[in-house]
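The structure follows.
Order of writing sets the chain letters: A, B and C. Residues in each chain are counted from 1.
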């Protein structure tokens, strides 16, 4: 993708998809802000951004990667990850940084922040272990890439739920987060053949959607007293079929529509105005050299 | 070591060594929880895990590495650290993350947490400088590896003490932490010839033991008012020969026994049931490829 | 520079330049501590160390690099950054760690800390974007190096201001931080030809000086109620020409004098006593091998 196209796409996408969603979910008069807006049309909850951040970006990424098309040589040449070492370093930094927005979404150093911190740890640890063990059982070789993918999937799925579920809920989320995205990354991707280099769809879109759903199933008043407040008490009855599940499904549908329709329109606009793909020559030289004039390494320096 | 053996060993070890120790040290009715359990058999203290985390894992690592045996070619081929750059990056991440469990062990954003943060910084800075300067004096070449080893040693030794000692105590701990583990890593290891690739014994076992002891010597009521409470005031008299020293020695002995006996028994059980070492072929190919099906780098990708 | 010379220089420099400045700016009876010292000679402000940390070190670095002289081959051989990957990893770690000392300088989890956190984020994001976009406009190739340089420049410039300015002020600071240091790194450096390998002058000295000045221009009582207290209310009138600007200029002058004179004297003392530069042979072999006896990588290990 051209760098100019990325800049243009991101700028429009923020205003069309991200900002409206963020306002609807977290704005004090937001359409889907179940906890704080008594007159919300949908009484849904999203603690740290399962719909706003992960579903919206993940589904948009799938649409954009379909419109953009595959990399030259995709499916013909091997395209292994460049460096598992950097993958591991990055996953570690991501995991730690993620506490900032999961626990930090409590906007206070209180018991809800502590619970969000704990559930984030539980779900992520369980998901990374689950993903690795599935690889171990199926392929006989648990990998660092699997561990890292599982960790990110766990972080994604717990994100909307972290401030609303108990430790037991977090463990269930961790197991599902290690299992379902695994299937999407290793099986569904091959069936459909889209070129999703970073598994953004399998991990973020699928994970974000599962997370929004499981938040509905597993939210408990014992984890967050705000769920027992006037705005939410009709929806959170502390059972797996509580009315909140239906509200969460509405939010998932609305987020899906906005992300998919929004991205499709924006992508075709950008394509018409600016073009999306670099030329074959630029792609062969490499976008780092051709578009940014620099390389990752100068080993001799 | 086989990956299957690691999984099996770690699972049993947690239940046999780690969980009992953690309960004894931090459990409200723990055998060695001097501060909070009035009827503790041993009135010892361990702020963030010198015995529970570092002594237990460090001594277990030595036993396991002796039972496992040396790497093929150890002592015959040079085995330098793969990347000093990653060593430095990792030490930086470790140092920052360590604040989480040292200061975080105050379980509150209070003056004890602030003191733990400060003593952790002091001891670690002094220890990394000390280790480097010893290298400078002895070999003429202070190294990044020495700086990093000193930093980790400082972190390990201050861990049990961080919430109980003053800034002066932390400086003393830093000097000892740079000195004693250095001797173990550069001299004692060569005398005995065990293959401790990451200096886990020299840094974590020796460091954890020194830390548990120095916590007894240097704990002061001026650093933590809880030491002046009913449960501890008989033991912390603010002198270097205070009764707490003897309590800490008991804890050291108990931890040593549990770690050494526990690890020996578990290692032989795992060896009998599953085997510990990979075959010579697997070791020659490399455990990354043979056991996990992946490599650290794909330079061409 | 010889490692022995670095140790000697740093030790003396701390006592002559850093500690006096730190006391004058943050000491309760400090000469330039405008907020807390009623009888301060200069009623200046510096939240997290624009003068103390960045101006002092940045200007000292320029003087020292002029006295030390250029690297062998400088200007004749290309000297590209060794690894853009590490540059990016390091910038990420720096950015996150920087919150510790910017927001942490509030010495409390209060509204001033939250404001400092927010302004740090705004200024850094805007500065990194600005620097990259300038490259895009001038060279057609926005680079990671430019993004990283802009981020660090943003962090440096917001540092003295972070606890005193509003979100709008932070955006202005971000734009200036992306613009002025860029000019110094890409134009001024070439005009004068000094060998500043890490752009310490362009980013830290220039950035720190701009930051100290803009703190005077943009400090607002709405961002920090302490500015409306007895000691500062005469200086902070919430206009761009408020009396504080003149106080900040005095501080800039004093810091410049202390850093430049101090570094010059110390550098010549160290040169006379110990020598500054390594021999040509050592420089050709590389200081890592010759002075520290180790290399960054052992690819085969």
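Keep this in mind: contacts are C-beta pairs under 8 Å (C-beta built on N, C-alpha and C of every residue); 3 or more make two chains touch, one makes a residue touch a chain.
Please read these numbers as outputs of a predicted model, since none were measured by experiment.
Colleague: Walk from subunit B over to subunit C along touching chains and report the minimum step count.
Modeller: Shortest path length, in steps: 1.
Colleague: If you list every residue number at the subunit A and subunit C contact, are more than half found on both copies (same) or fewer than half (different)?
Modeller: Answer different: the two copies use largely distinct residue numbers here.
Colleague: As a quick test, compute the distance in whole Å between the mean CA positions of subunit A and subunit C.
Modeller: 36
Colleague: In subunit B, what residues contact two or more other chains?
Modeller: Within subunit B, the residues that touch at least two other chains are 89, 93, 109.
Colleague: Report the residues of subunit A in contact with subunit C in the complex, numbered from low to high.
Modeller: For this pair, the touching residues of subunit A are 3, 86, 89, 93, 97, 109, 291-299, 301.
Colleague: Can you tell me which positions in subunit B touch subunit C when the two form their complex?
Modeller: These residues of subunit B touch subunit C: 79-85, 89, 92-93, 96, 109, 139, 141-145.
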